[in-house]
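Questions regarding the structure given below will be posed in turn.
Chain naming follows the written order as A, B, C, D and E, and within any one chain the residues start at number 1.
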């Protein structure tokens, strides 16, 4: 079967079973669906058991701070059809709760542990040790975009002194020529 | 109880290695091993080539590179005077700093061993602390591997032969996409601001354009230049000469980007809305300005913003001075400045057109009526060649020629024109003549590469079919019995190096006389000032040296409360330095008048 | 009678593991009854740092994801960027990339020889193979300018062209290696004790393998022909002639056999690349790195590394910084859920060997 | 006449000579640097020539190699390991990360300057230092030992409070036995 | 009185000799290993540096009295074994304390060291040590069987339990026992592989899972004692083998040559072998080596 036909079949079947799925096609062997977060476990289960997407390639999370949402991406791979499907879903940033899917794929447990720690997303019914990568961490979930790692590092870890005499090239030239940069232009400095 | 005989004995064959030569490198660590030819080891910086642009410091994701002053290196035009110092407690030897170095001065060497018990000793300046690294350079960037965008986005232009059919503007201007792409080439080092006489905030407005904020770009440009459209079209752009990228490739098209930014604003009302200048309450002082050239307009604009009451007296019917009347329309269309002049008038500057000082109004009147006077009168009078036959009919001064043409008058030049000179005026005259249908030849004393005109102009001229005869010194014009010029006689010249280290001088070769037939000759070897409007009482007080009014760093002349700028006061004699003069004069005037307040 | 269970910690720093990772074991005698992986010793938050760096600066961090074989990570990132941007890669660059990837594969397998045999106490193979790996690293040094952190494959192509005489050097090294591989076989694969130690140890169930997320040589060691180079071909792998070796069994031994054959396939690929490499450009230059912005979009690029699937999920919001760069390494699955499952019931003495055969790479898990 | 001072000196010279030629390393392989250690220890570079060999436990080791960045979680273990080692003991810091943070200067989870937390005798430049540089580092340390200048451990003992304060500043949950010599 | 002095001197000289030869052998084995591994390896005297350095290290950690005793037991075992093993043929100076029945005594005393070690390791509380000790003892159980069988075969065949007697028999007949009792010799050599704890029988201190096993908590001076006793013990064992199977030695050179050749067997085999798991090594010893031991006994009993 050609890749296009396979894709059409998949889209048809998914749309039949999951009315909220919005598809987006990409070139070659990629196919995206956006679904509501409640649909995620069932669509994943359906894809795995009914459509041969046996391999869970990846689970990722993106913080869209400005939109107040987390985007979660599940990437599945079908070893038979050689096609990958992306499942996108959005989770409210202020109340990030997701369904746990580690009964579908055991290894999802690890991803969920990480996301819980790094983004503060709660997975209902996730059984795992509290800490994953961090130890004795008491700041906000560090991968959230509003956490400023540079400021944290500067505050927490001592830095070797001796570099305070560095000059800014632009300012040096400015000073020499007597140029006065207006306040509003400063944000365009490199 | 099976026994795997093969499996037991076969491994024993490994013991044969006992007799083989060991693979160990015994010299290590006592004699360092030579690294590969491309090895990324410790840094080396060629301090003479380095221009201190700080691009290495910007690209470094580890913030390992600081720019620091180094003994023995002074900042100058095109060199910040700073040199990179590398914190080897941060460096990851990725070599990105090398790949982005616009001059290629920074490189990595084959040295890789540095061991110390002192943690603070890992902070050192390449090239200063390892001058011997020169010979061990291994990882360097070339034009080919450089990460800088070396190629300029080509400016859309009319086709060469299409151009000479009319006076339509040759340069079409960038569209948005092109402008963004061109602006993205900039590495924002800001060295160009030093070359700019007006010290415009170049990297900032380019960054604004690159980031898609054209309005901010306009606002930044207007911060110290009220005539960006003029600069955007005809600036001599010293900034581009020293552009960091120009060391390897084409400089950023700073001028075109400025032009793009100003062109995004459609009319004066919008301009005012975007810039939204803060105009101070009128402070009661009146300033008179002679000449609505770049310097005069600049002074008027910023003085007006500061609450001064400004009046400009302009001899012609349009503002812009030499840019308006000396530059042909295909480079600088007539309506170019309308929007800006209108805007300047909108914020309260009065301009009296067609009012020639010395004829329509006396200088004395102005001087006595105003609290301060700024004078930007330019260089209206051409130099003459001073050779035989110059008075012949058909021997025309290029400046006058351009003035007439720009005023819409006709000048009869026939079909075979010689232009003498190598400056922008000469090229302009030649290209205008070509548009009038003449076959044009330029005679220039030195070589083509010595021509002071913009290279783009020269290329443009050549594209339009204009011949250039270099190393040619005209010695005589011959005319017919009607007093009309017929031929030009010139000598070939050879270039002799100057013993004082200046640029080579052309020396005429005896007997190499050549004669060309012509219908007209346009002389373009320079202009001079005309200060005849100064009445006697002032004439003595205003000190003039070698044709130029002497001013101090605040543009103040030797006459009290008289300020001067533009061609008549500075040697560079281009629009942007005139603007700079005007801008400086504003400060001088403000200081003079507001002293007590 | 049940013996009392002892808790034993393997790690965090332990001669048996590359990198820092801890496995908390409950042992009864020498038999493991429970295993729990504890990671986090190497977490330096690359992904957070990448969000602060621009698209080109990020590239320098990538090779640090997994130290023994950094190039597939660079490759995945480069390809993900190219997917988002739609940037074309010159043909020559594709060949060079494949060459680099395969050299890296060989180098990594040579290190694995050392690890696998060393974890069973056969240090001589390790001394040879890790020593011979230096010849691969010498090639890298000549090509990329660094031994380990090549930082060579980047968006748009590769960083530099071949140096002079490089092709010959590659072929010479391959000739040498092929000779040496026979020595390794004599000592390692023909070794009765090695067979005894590896056969039937750490068996992965073939039926469950795909679901468990097993990839790479461990999956092929279960008898499943799965290789991204074939299944989801990238660069020029679809033009090359090579075999994906498969062995039935699912234990350490079959995984080792797969790797042993793969290293020879890699040599074969390298010879083909050197024979067929076209001329021309090697780099489709990216714009000024300071202002290089990618269009909005996302991409997931996967590369077959020695450990299995190495993927990079990139999300761009249209700015000059990546919105999110999420790296997935095979060890992320292998060394946690799979390892915890496999270790139960095994002998304590086999822990290091099992971890090695799964391609455990802690820096890849923790990033 | 042999006076005590001179004999002590001679003993020191002999002792330092033996110490210098017998460095048993305990590598804390934090990712990066660990990758150049196998080549250093194997046939091509063969550190054993210099008397350097691996030790399996901290009790037996003389030399702690910190081969790169340290996360706070690792730092806690490293301190413990260092304190378990027996005098005389030395520390070598590998690469940029141990000097001033290296690539991870803005990471929330890694320390920047190792010498705030442990006394470091020798730093090796590089990211990562290649085996030649590592061997040079060993050679440098040997030099220092011979001259009696590698006194990191002594310094640690003398300034324990300062070190401890720094350590506790980054390790929020200090649940370790105190230094127990 | 003179006799006692002679014994004392003999004991001291043999100890020093054993120490030097043992340590040198260790160094040489490292060179041999290195050469097979394509390396140059350390100088032959490297282990002297190591030993001296360990001696000069501070030792500030201890885990109670048994922890102290562990290495001491080992040293005692090594010295005692050395003292009852005659070093040269005939000479009374190096006969030391040997007596009739010393072979039986040796069988006991040689297990004593590891047992002491076990007690010491047990007290450290380090689980690695504990598991290492368990493994070590299992392995001893493994190789003791063929070893004892080989000795029993010799005892039956030559009707003596004295090493000196065995040496004398060889001297008289001019035939080494390794030729007259080949099965016993093979069994004994295979057992020796286990005794020396080179691969494939180095599971006791496998660094991959146990750090250094029983010695995990021992550094500095403890390790110094252990290394020294190991060297002395190795020399003693090798001398024993030479004495009972290879006709003993008349002078130092022959002794060194013979012991070195014998020593190279476990070293070389170790270079090319991965290690057995505990139960695998026990199974190994109870397999072929035990069979050879049985054959030796059968040979002794019926031939």
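The rule is short, and it goes like this: contacts are C-beta pairs under 8 Å (C-beta built on N, C-alpha and C of every residue); 3 or more make two chains touch, one makes a residue touch a chain.
What you see is a predicted model; the values in this text were computed from it and never measured.
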- Count of steps on the shortest touching-chain route from subunit C to subunit D? 1
- Query: Quick one: which chain's Cα centre is the longest way from subunit D's?
  - Reply: B
- Central chain (by mean CA position): C
- Note on the structure: Per mean C-alpha coordinates, the chain lying farthest from subunit C is B
- Task: Take the average of all CA coordinates in subunit D, do the same for subunit E, and state the distance between these two points in whole angstrom.
- Result: 35
- Message: Suppose each chain is reduced to the average of its Cα coordinates; what separation in Å results between subunit C and subunit E?
- Response: 44
- Counting in whole Å, what is the centre-to-centre distance of subunit B and subunit C, each centre being its mean C-alpha position? 53
- Could you please state the distance in Å, as a whole number, between where the Cα atoms of subunit A are centred and where those of subunit C are centred? 23
- By residue number and range, which residues of subunit B touch two or more other chains? 11, 14, 17, 22-24, 26, 58, 61, 87, 89, 92-93, 119, 187-188, 207
- Touching at least 2 other chains, the residues of subunit A are 134-135, 142, 147, 149-150, 160, 190
- For subunit C, what residues touch not just one other chain but two or more? 15, 40, 43, 45, 48-49, 52, 60-61, 124, 127-128, 131, 149, 187, 191, 193, 290
- Chain pairs in mutual contact under the definition given at the outset: A-B, A-C, A-D, B-C, B-D, B-E, C-D, C-E, D-E
- In their complex, what parts of subunit B are in touch with subunit A? 52-54, 57-58, 66-69, 75, 80-82, 85, 87, 89, 119-120, 123, 187-191, 193-194, 199, 201, 203-205, 207-208, 211, 216, 219-220, 223
- Task: Over in the complex, which subunit A residues touch subunit D? Could you list them?
- Result: 134-136, 138-139, 142, 147, 149-150, 152-154, 156-160
- What residues on subunit C touch subunit E, complex-wise? 6-8, 10, 14-16, 27, 29-30, 117-124, 127-128, 131, 187, 191, 193-194, 196-197, 347-353
- Query: In the complex of these two chains, what residues of subunit E are touching subunit D?
  - Reply: 30, 34, 37-42, 46, 49-50, 52-54, 56-61, 128, 205, 207, 211-212, 215-220, 223
- Residues of subunit B defined as touching subunit E within the complex: 1, 3, 11-12, 14-15, 17-18, 20, 22-24, 26
